[in-house]
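To keep things simple, chains are lettered A, B, C, D and E as they appear, and every chain counts its residues starting from 1.
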Amino acid sequence: MNYTLNFAAVWRNFDGLINGLVLSLGLAVVSILIGAVIGLVVAFALMSKNPVAAMPARLYVTIIRNLPILVLVLFAYFALPQMGVRLDKIKSFVLVLSIYSGAYLAEVFRAGLLSIPRGLTEAGLAIGLTSTQIRKSIIAPLMFRNVLPSLSSTVISLFKDTSLAAAIAVPELTFAARKINVESFRVIETWMVTSAIYIATCFLIAFGMRFIERRLALPR
Amino acid sequence: MSQSFLDQLWIARFVILNGLGMTVSISILSIIAGSVLGIFVGLALAYGKWPLRLVVRAYTDIIRGTPVLVLVLASYYISAAAGLDLKPFSAGVLALAIFCSSHVGEIVRGALQAISKGQTEAAKAIGLTFGQTFTSVLWPQAMRQCLPAWVNTAAEMVKASTLLSVIGVAELLLRTQEIISRNFMSLQFYFLAGALYFVVNFAIERFGKYVERKTALPS
Amino acid sequence: MAKTILEINGLRKTYGQNEVLKSVDCSVEEGEVISIIGSSGSGKTTMLRCVNMLEEFQGGTIRLDGEEIGYHVEGSTRRRKSEKEIARQRALTGMAFQQFNLFPHMTAAENVMLGLIKVKKMKKPEARAIAEKWLDRVGLGARTNHFPGQLSGGQQQRVAIARAIAMSPRLMLFDEVTSALDPELVGEVLQVIKGLAADGMTMLLVTHEMRFAYEVSSRVIFMNQGVICEEGDPKEMFVKPKTERLAEFLKTSSFN
Amino acid sequence: ADGSKLDEVLARGKLIVGTGSTNAPWHFKSADDKLQGFDVDMGRIIAKALFGDAEKIEYVNQSSDARIPNITTDKVDITCQFMTVTGERAQQVNFTIPYYREGVGLMLKADGKYADYAALKAAGSSVTISVLQNVYAEAMVRAALPEATVDQYDSVDLIYQALESGRADAVATDQSSLAWYMTQNPGRYKDGGYGWNPQSYACAVKRGDQDWLNFVNTALHEAMTGVEFDTYAKSYKTWFGKDLTPPQIGFPVEFK
Amino acid sequence: MAKTILEINGLRKTYGQNEVLKSVDCSVEEGEVISIIGSSGSGKTTMLRCVNMLEEFQGGTIRLDGEEIGYHVEGSTRRRKSEKEIARQRALTGMAFQQFNLFPHMTAAENVMLGLIKVKKMKKPEARAIAEKWLDRVGLGARTNHFPGQLSGGQQQRVAIARAIAMSPRLMLFDEVTSALDPELVGEVLQVIKGLAADGMTMLLVTHEMRFAYEVSSRVIFMNQGVICEEGDPKEMFVKPKTERLAEFLKTSSFN
């Protein structure tokens, strides 16, 4: 083609992209941490024999996982205030991404829990531990090791979902990129650089997770 | 604009159905193409010689690290740059299929590697070639193992199809936005769209469960 | 007469329609070593698990040192005790499982220390000292910082026994602790159990090793289809069984 | 390939125009799903000049991001999509002569806290203004309301939604869009009574094809001043609600 | 003299630095039943797997009915045969594994039929008839449509043997086919093998069941550290071993 690449506009606004990346990472970290807590509780609820715990958990996971996150983002930002809950745009996005992460992580954690032999719980019971102590000292640490490989891809896609925050004007990475686009229309160049930033970040996340996985691997 | 939401909905009914139809066709096409490609990706990852494995691993890692939006834009513009003049629909489906293939590839690899080596050896021992072993012994087992994760990917594809609105494919989200830009009832119509996406994905999930039950091995 | 530690009265356990234990009575005195034998599915494991409240049971009482285990029975009402109370009672008995069930993310010492710290509320150094003492006792003094994945089956089972015994239980329960072991590793585990018996530990053991049951037990209980079919001194029982069933069972078992 | 786009389009027998579908009154869908609006009419004027038939036209639906790339990669012959003329953009595409001059206005809720522009300005930093995402959006608002908070959204319906849901106190966007919106929702909103930030809207074509650019310029010029004025005026009346005075007869207005 | 079926000459196999088979020579005549014994890690499994080309080997030749298996050796050059050729040669020997390795998604009959259809290119009805005949022979005539998950370990192993034998191999290889079975299920599998031996099937079996090796084999091979250390008639070897090593091995094995 006779299109000549010109990155000048992108480099001029590179600071904006980096600031956007930092915000994206911040959103992802906070949301995933909150989501992990939700996910853990929900995963145990999903496994519970008690329908009062299991049913709402299943409903939550089914609904959230089948909705496009954009709809949730718009709901939290525009409809919740009409119901008396007013959060600023960053908080409302974090709320949504946490709830969204929670549903995904719950499924990941549940798979991790399923692979823990029942005998370990019984061994814990037999030495007099309570169920809560068993969950904390035995089940959770083992589950965490079990899920690390699949956790990595979930975390990466949740990180990529922070791009949806652009829709409510949170100045994260995608927002910053679009801002360059509307100014310069150097769309191809902007997305090339932006996707390189996303890919590099995702690689770092994957690498970090693999590092943790190796560190926590049990000697055998 | 004194009309109610229901009036507007009635006026827009065909447009919405149209968009829904488009969303479903995009999803089906990209899931099918992506899955076929993904099976080869998975095969290469599980059984390829190391140079091939390296290339395919780079492919999946890069694709999975890129937001789908960026893939969609790249497919549309870079294909043009490469002299391949794809219409937005084909470019979008191509992007989603590539995205899908990287995920399916990982799923297939995982499933293949979970099959015990003894299966391959037993097949070899009765004289099957690798091709026969794969089609008769490995794939039928891997497929069952893949199914739940594959269904999740399919649902992700439906959600990702929203991003084709950016290159002007008239799928459900763009159709919704068009309606909103006429009557400005954004909340109502976004949630209608949300509900429709939910219905589609829920149907996929149910279907997946059904197939899973149907193909479960007795024990 | 020695002090009665465990007293089981009319123990009844069902899985749905299936009555797995049908009114089992049994009492165990301090220092006794009792082997429970019987064919597969006769309810041996289930009985042991009821004593440790790993299974709920539908009727009868189990008393440990006179205290009701798991349920409080008053007339015709039967109330399950609180989870906390049951957890405390479980710590009074130690249990070793066929599958070892060591916590794979903890070293041998940490496995033993966990109960001491969380249940007995000991400080870490104290718990470690006890753990090391017991690991030494089972012949694993040099393996305290190994993870289960780094130990052989026999070593893992010995850690599991140390973990149970370190809690100073009133009663030890062993459920086929050697069945999952390669033949050459069975001996080392049985040796440890013999040592505990010699120390006067009260023990209930389910086993398929007839020779071992013969040598170590002060009494043998033969279960069949959810009831205790015959019990007595191993020297007598194994040589001249009173019931037809036991005679038959002994014929097919590896003892002869 | 050396020939002009003009020949290519004529040979093809239809014009390919890039525009959007979600911004009234510029380019949006009617209730019966037909593309309509002022930008759309500009395309029809050019098609009429080409073929004598305004219907020989194909619209390519594109987002705002896609306006320039679709030209540079030959996906469209021309883009007419309320494109603001800037120097930087002019380095990448050739702009035609402008077909509309836009300014920014403010819209408030009819029953809202603030009466008009003066009230907003007086309130200083406590007001929030919603605008369409733009690199100079912030500066644009600052020029009128130096202290206001600026929230940027990536689609028009969202800036209105922000006002409607109380996320913003006023919307700042093209006066033409505001006018349209207020006609569609009579009585709910009011104009802030202040306009600023003039900008020209023009179509854009690929760089380096003077022949094609000349042709489009001629077509647009004659629509605004010559034989097709009635078509232009009719479209103007439809989308902006105002009647145009016909061009002055006599000495051409351009050279005054 | 009977016809020589298998001839192994100077077989050498290494894993990296580790030489697992060090010049093994061995020949098997039609109708012979040979047991391979030896301690863990001595190379028994590896030798069997080389014969079936499940392992590559670095030196020596294996001939089946005079035909070179896996490699074509000419002077000092050694070329691996094509995958297709090797697949054909693998079908000449049947193999049964310790872990059964039945295909879990196929019924017993389908497991047996697979090779007949894909490799021997039989029609389905013909293959089914043969499968049913062999399943009947191993005592599973009533289980042809059961999936592996619905069969006990002993039954699964018998299906696996039927699957191998149905291919009418020239030679059957058994690798500790009873080690993964519960003791009570071992008998039924050994019974099947005895039946095959009585039918005159040529067999090479790796086993830890000394009594069985003693009863069934026409010759016993004792392997130690990658070499054949002693071989001969079981009646003689087990009673008065010639080598120190075999004597030691027999002492620790369950035969005595």
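As a convention for this text, contacts are C-beta pairs under 8 Å (C-beta built on N, C-alpha and C of every residue); 3 or more make two chains touch, one makes a residue touch a chain.
In this text, all values refer to a predicted model and were calculated from it rather than measured experimentally.
*Asks:* Determine, using the mean of C-alpha atoms as each chain's centre, which chain is farthest from chain B.
*Replies:* Most remote chain from chain B, centroid-wise, comes out as C.
*Asks:* Which chain has its C-alpha centre farthest away from the C-alpha centre of chain A?
*Replies:* Of all chains, E has its centre farthest from that of chain A.
*Asks:* Just the number, please: Cα centre separation of chain A and chain D in whole Å.
*Replies:* About 39 Å, centre to centre.
*Asks:* Between chain C and chain E, tell me the centre distance in angstrom, where each centre is the average of that chain's C-alpha atoms.
*Replies:* Centres of chain C and chain E (C-alpha means) sit 42 Å apart.
*Asks:* If you average the CA atoms of chain C and of chain D, how many Å lie between those two points?
*Replies:* Their C-alpha centroids are separated by 84 Å.
*Asks:* Measuring from the mean C-alpha position of chain A to the mean C-alpha position of chain B, what distance in angstrom results?
*Replies:* Roughly 20 Å, centre to centre.
*Asks:* Counting only residues that touch at least 2 other chains, which ones in chain A make the list?
*Replies:* 1, 3, 78-79, 187-188
*Asks:* When you check chain B against every other chain, which residues touch at least two of them?
*Replies:* If we look for residues of chain B contacting two or more partner chains, we find 73, 77, 80-81, 186-187.
*Asks:* In the complex formed with chain A, which residues of chain C make contact?
*Replies:* Residue list for chain C touching chain A: 52-54, 83-84, 87-95, 97, 99, 101-105, 114-115, 118-119, 146-147, 149-150, 160, 163-164, 167.
*Asks:* Under the stated contact criterion, what part of chain D meets chain B in this complex?
*Replies:* Residues in contact with chain B: 21-24, 28-31, 33, 60-63, 65-66, 69, 73-75, 155-158, 160-161, 181, 184-185.
*Asks:* Can you name the residues of chain A that touch chain D in the complex?
*Replies:* 1, 3, 9, 77-79, 81-82, 89, 166-169, 175, 178-188
*Asks:* For chain A, which residues are in contact with chain B within the complex?
*Replies:* 1, 3, 62-63, 65-72, 74-75, 78-79, 153, 156, 160, 163, 174, 187-188, 191, 194-195, 198-203, 206
*Asks:* Give every residue of chain B touching chain A within the complex, in rising order.
*Replies:* By the definition above, chain B touches chain A via 61-62, 64-70, 73-74, 77-78, 80-83, 106, 152, 155, 159, 162, 173, 186-187, 190-191, 193-194, 197-198, 201-202, 205.
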